[in-house]
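First chain written, first letter: the chains are A, B, C and D, and each begins at residue 1.
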Amino acid sequence: MIKAGIIGATGYAGSELVRILTNHPNAEITTITSQSYKSQNYGDIYENFRHIEKICEEENIEDMAENLDVIFLALPHGVASKKVNEKILEKTKIIDLGADFRLQNINVYESWYKTKHEAKNILPEAVYGLCEINREKIKGKRIIANPGCYTTCSILSLYPLVKEKMIDINTIIIDAKSGVTGAGRGLSLGTHYDEVNESTKAYKIASHRHTPEIEEQLSYAANEKIILSFTPHLIPMNRGILVTCYASLNNNYNYSDIKSAYKKYYENEYFIRLTKEGVFPETKWVKGSNFCDIGFTIDKRTNRVIITGAIDNLYKGAAGQAVQNMNILFGLDEKEGLSQPAAFPI
Amino acid sequence: MIKAGIIGATGYAGSELVRILTNHPNAEITTITSQSYKSQNYGDIYENFRHIEKICEEENIEDMAENLDVIFLALPHGVASKKVNEKILEKTKIIDLGADFRLQNINVYESWYKTKHEAKNILPEAVYGLCEINREKIKGKRIIANPGCYTTCSILSLYPLVKEKMIDINTIIIDAKSGVTGAGRGLSLGTHYDEVNESTKAYKIASHRHTPEIEEQLSYAANEKIILSFTPHLIPMNRGILVTCYASLNNNYNYSDIKSAYKKYYENEYFIRLTKEGVFPETKWVKGSNFCDIGFTIDKRTNRVIITGAIDNLYKGAAGQAVQNMNILFGLDEKEGLSQPAAFPI
Amino acid sequence: MIKAGIIGATGYAGSELVRILTNHPNAEITTITSQSYKSQNYGDIYENFRHIEKICEEENIEDMAENLDVIFLALPHGVASKKVNEKILEKTKIIDLGADFRLQNINVYESWYKTKHEAKNILPEAVYGLCEINREKIKGKRIIANPGCYTTCSILSLYPLVKEKMIDINTIIIDAKSGVTGAGRGLSLGTHYDEVNESTKAYKIASHRHTPEIEEQLSYAANEKIILSFTPHLIPMNRGILVTCYASLNNNYNYSDIKSAYKKYYENEYFIRLTKEGVFPETKWVKGSNFCDIGFTIDKRTNRVIITGAIDNLYKGAAGQAVQNMNILFGLDEKEGLSQPAAFPI
Amino acid sequence: MIKAGIIGATGYAGSELVRILTNHPNAEITTITSQSYKSQNYGDIYENFRHIEKICEEENIEDMAENLDVIFLALPHGVASKKVNEKILEKTKIIDLGADFRLQNINVYESWYKTKHEAKNILPEAVYGLCEINREKIKGKRIIANPGCYTTCSILSLYPLVKEKMIDINTIIIDAKSGVTGAGRGLSLGTHYDEVNESTKAYKIASHRHTPEIEEQLSYAANEKIILSFTPHLIPMNRGILVTCYASLNNNYNYSDIKSAYKKYYENEYFIRLTKEGVFPETKWVKGSNFCDIGFTIDKRTNRVIITGAIDNLYKGAAGQAVQNMNILFGLDEKEGLSQPAAFPI
């Protein structure tokens, strides 16, 4: 049994991790920590766990490293990079759900996050844990930067066409829609029920921090620098991300050309499902699962391809993918503990 | 491996059965049938199953009985009783999610359902599959009447107090609230999105068919005839049932007296969780799980007890309990395939 | 033109008042005050008013009394009673949307609100502003206690049957369901979007402060002391209250007997609409309006009557009724500015 | 008083028309017709009108033309063009909420709607009733084609920048999000509550019929042919449209350049509200009102402008604009009956 710890177990992503690992056949949660709910029973905070006893401890990453095989970090940006160091990595594996180790370009990190990076020496070792793309690089590593939610969905939706140079990389626009759990459990007027319910808005237009993350990874795929537009929207639902991606085609491609590109990269990917022609992803079909559904249409009139991708932001976009990374790190079947389809309607 | 079939697999309860059984370690779905979607691939109807291939067959219960260990029926009332007969029961086990075998009193059935009962000879053998109450009676049986959703939640909430004669059975009032999946996947103006969303109503006041079902089972517990008021309400959410039960206390009981009664019957029940004093069940804590959460308050001013119970109507209120019944019938651990907590927030 | 001021204009009830008065043909808003948003433009706080300029002032009730015909108070309990005094009432009329002047019995107030009452000398003069019941008493008064939301709906639903002594007053149970705006605009985990959405719960069972308010008013109607059970529930929708009331009938009444009682009191009430037999109120039909819809069924099996009533909690349950009170106080047509039907679907 | 009739009064747009006209100070509804609810009382179909008596008549447009000043048509496409002819127009004014008279290019109409146009002789006379753009052309006309919901919001959001040639018209992408009322009151699995709730999807990608309508009107503004991408999405809420528009800037414009363009066209438009810098429209601020809120950001990194616009699809996107057109046609103040702000939270 893999001994796992979770630092920051009482946010939404942390709670989803607890849930997934509780049912994982090869892992057990040894330690959970929480700053806000120290010494409280987890089942009193998340009452879906009412039937279990599990106390939130004070965080002591050194002790945890000593005793655990893997530590998941679910922390605000800027915090993880202060906690992780060489001594920790010598003793345990780190899967960081936050942003600190996602961007290899430190200038880009510091300019978008408006803070100094505190673990520059560790950063080069961190692998961007987008499993379907970086599987081979993940194996054997000590620290994984688990991708952001919008990022996971955006990159997976665009990767084959960027890689195959089928789209004009100067024309990429990603219009993303997210459920409200993306904003976390912290209180704000913007997540107060009556302010969110029955309304929709765009936010952080041209300034959301997942933008450079998408750009960095797609630039690796393109082997040239990509600048794109990314606009997130808030949708009155708990979970789910849908991205609608637009790009001009580099050629007069037809449906099956594009389909072939997706098949080339994803045909054997259990968690990526291509929809049939004329069928488009809906977030309900992936909610509560680790799947990413992708569909596309060619708009002959404008010679653009329009791709839509859907994931569960807390699952494939956070905790599910983190466990998928754990599975890869420990040589398990990648689907272990993650293979169930979405519950519907839920 | 238990070979299971589902007749009526494309309704919401049927689809939840497919999902649960797909992940069950000791069972496999051999045959699914559907009248409306004959010959279609299940993953084209419920796209959460997009990654699997499974064709909806035409129903042939005789053939299925020949080849299967258990058949689940998820059919409109009046249909199951026409399909099940002695010859079927000699070959396989039946778990009926519909109403036909729930009421032992045929007159009551025929008066509330306004139809003739077509399997009167089978009826006496059918056991009311409320697992926590009738576990011993279920074992070894050939046909199980899986309880209704409102019924499961109402009976479990009231059973210990009725059994222990702590409440005045002439004063029982059940005010129930259900998510919209309770109404099924059939189209109607009453389940059209914009008609349901952002509104609440009572319906079938004093005339809902789960009333006699609750009364019959509680009457067995009381050992005398119980007549009660049951009022269902439609709540703008997908899943979940909350029942709020009112009854006058037969004595000057305090909190711990009532608590003891619940503990007496439920202390060792994995799927029944009593909330702490001052904490009340919420449907979100049981959604997507087989748990039933129960809490209560004593209103000293009126000497009433007010009990609230919460379940997932499609899970503990339908498919989950059906599989729990299967587990009992086949001598498995009752929690097999059913033990995960609710996902939250979902 | 009636010159009106609103103290506490930036809560949900205050904002609904602003909206209603803005369109009122005989009133104009002269002053609005806000503690939290002092000196800010109202259209920056409630952007539906983006097109108007209106600054939130610091509260000075003495100045306001000097210059205004009526002041609406939308404040937390305990605050209004400190602000209102004889000198204020000599100069202006007060319509208080809070709880301080609703209960004539000071002991009951102090025991349920756990605070000293600070305006005992004013209290006897305050009229409980449930317009349809107390219209004649309201006329000419200086201070009106605008009823609570649950209270308005509960009393209107039960009043005729209590007054006509058709129900056993010892058996009254009110099971109430409210949208989330009832909890106001203040932040709390309990009103965080993902915690409320897709879930239902009961809260403050046997302890909600609207209970004594309902009891006091119904006791006046019965001419004897009434103790009843009141259970509020939170429903995932913005607005609307539905109450489901249960009581044993004092006699073998039929539908038309009960109907006659409602007609006797409400036939000429514009804002009270009785539903047809077999039709039950839904909150969507009153949302955004001042109407109260009432329907009922007789349960022959238990000889109970089950009454459901629906209002918009922010409108008839707060701001709309406050303006209705203003209309009465100033001798206007009671419907002025309030007559529009619910928007639907909204 | 303007005598108005509504043909097709029982759809959602028709019902919103009934509601608006009921409160209009200068108009009265003389006749309403419905094919599905013939001879039924309107208050039994839309129970928010429970307090009024109004029977749905069988449609007879000739009789209506004889007696009414204006007839609103709220009909499926292809039906209006069969009903309207020269004889009708000699007697009354027509405001058509459907698509038949919106596209001046008959080939485009017939190719997108896959049907023959049945009133080619009338078409040239029809004015596209986007009030803020075509106000002068509307005055004195006999037939108005009321714009589509997506169209209204899209054109208003882009018009100034197209007209002023500030954006590259070959790069326009409109990503639109709509509440479910946009799909009407007809039953379908796609609008069944549990299928829509808590999910998001794109639909009719590159094939929605509002596309050519937007293109035709923006082409007039640009004075050259515009082809663009338009993608509608379904959002789990009753009402509201948000459009997010992307286009490359033709020059190195800054915020105030773009702001000036919007001010030039909209400064005196009551129903168009520009948001402040850094503030983006949300559908809740316009719901139930005739306002269109518009905001924008310049993305310096890509030299794109991103514009978001919000309307209520049933109000400014249908019935409200239809009444605005009526006000213009009859020389009334354009705001008459339409000036109230959004209710919030509702």
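Following the convention adopted for this analysis, a residue touches a chain if its C-beta (ideal position, glycine included) is under 8 Å from a C-beta of that chain, and two chains touch if they have at least 3 such contacts.
It should be emphasised that the depicted structure is a prediction, and the values quoted were computed from it without experimental measurement.
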Are the chains other than chain C still all joined, and if not, how do they split up?
-> one piece
If chain centres are mean C-alpha positions, then the most distant from chain B is chain D
What is the distance in Å between the mean C-alpha positions of chain B and chain C?
-> 39
So how far apart, in whole Å, are chain B and chain D when each is placed at the average of its C-alpha atoms?
-> 46
Between chain A and chain B, what is the separation of their C-alpha centroids in Å?
-> 36
Mind pulling the residue numbers of chain B that touch at least two other chains?
-> 12, 181, 194, 197-198, 236-239, 282, 284, 287, 345-346
For the complex, which residues does chain C have touching chain A?
-> 12, 180-181, 185, 187-189, 191-194, 196-198, 236-238
Across the complex, what residues on chain C touch chain B?
-> 171, 173, 175, 177, 179, 194-195, 197-203, 205-206, 227-229, 231, 233, 235-240, 242, 244, 246, 280-284, 287, 297-302, 304, 306, 308, 310, 345-346
Which residues, counting only chain C, touch chain D once they are in their complex?
-> 12, 15-16, 19, 22-23, 44, 46-52, 181, 198, 238-239, 270, 273, 275-276, 279, 282, 284-289, 291, 293, 339-346
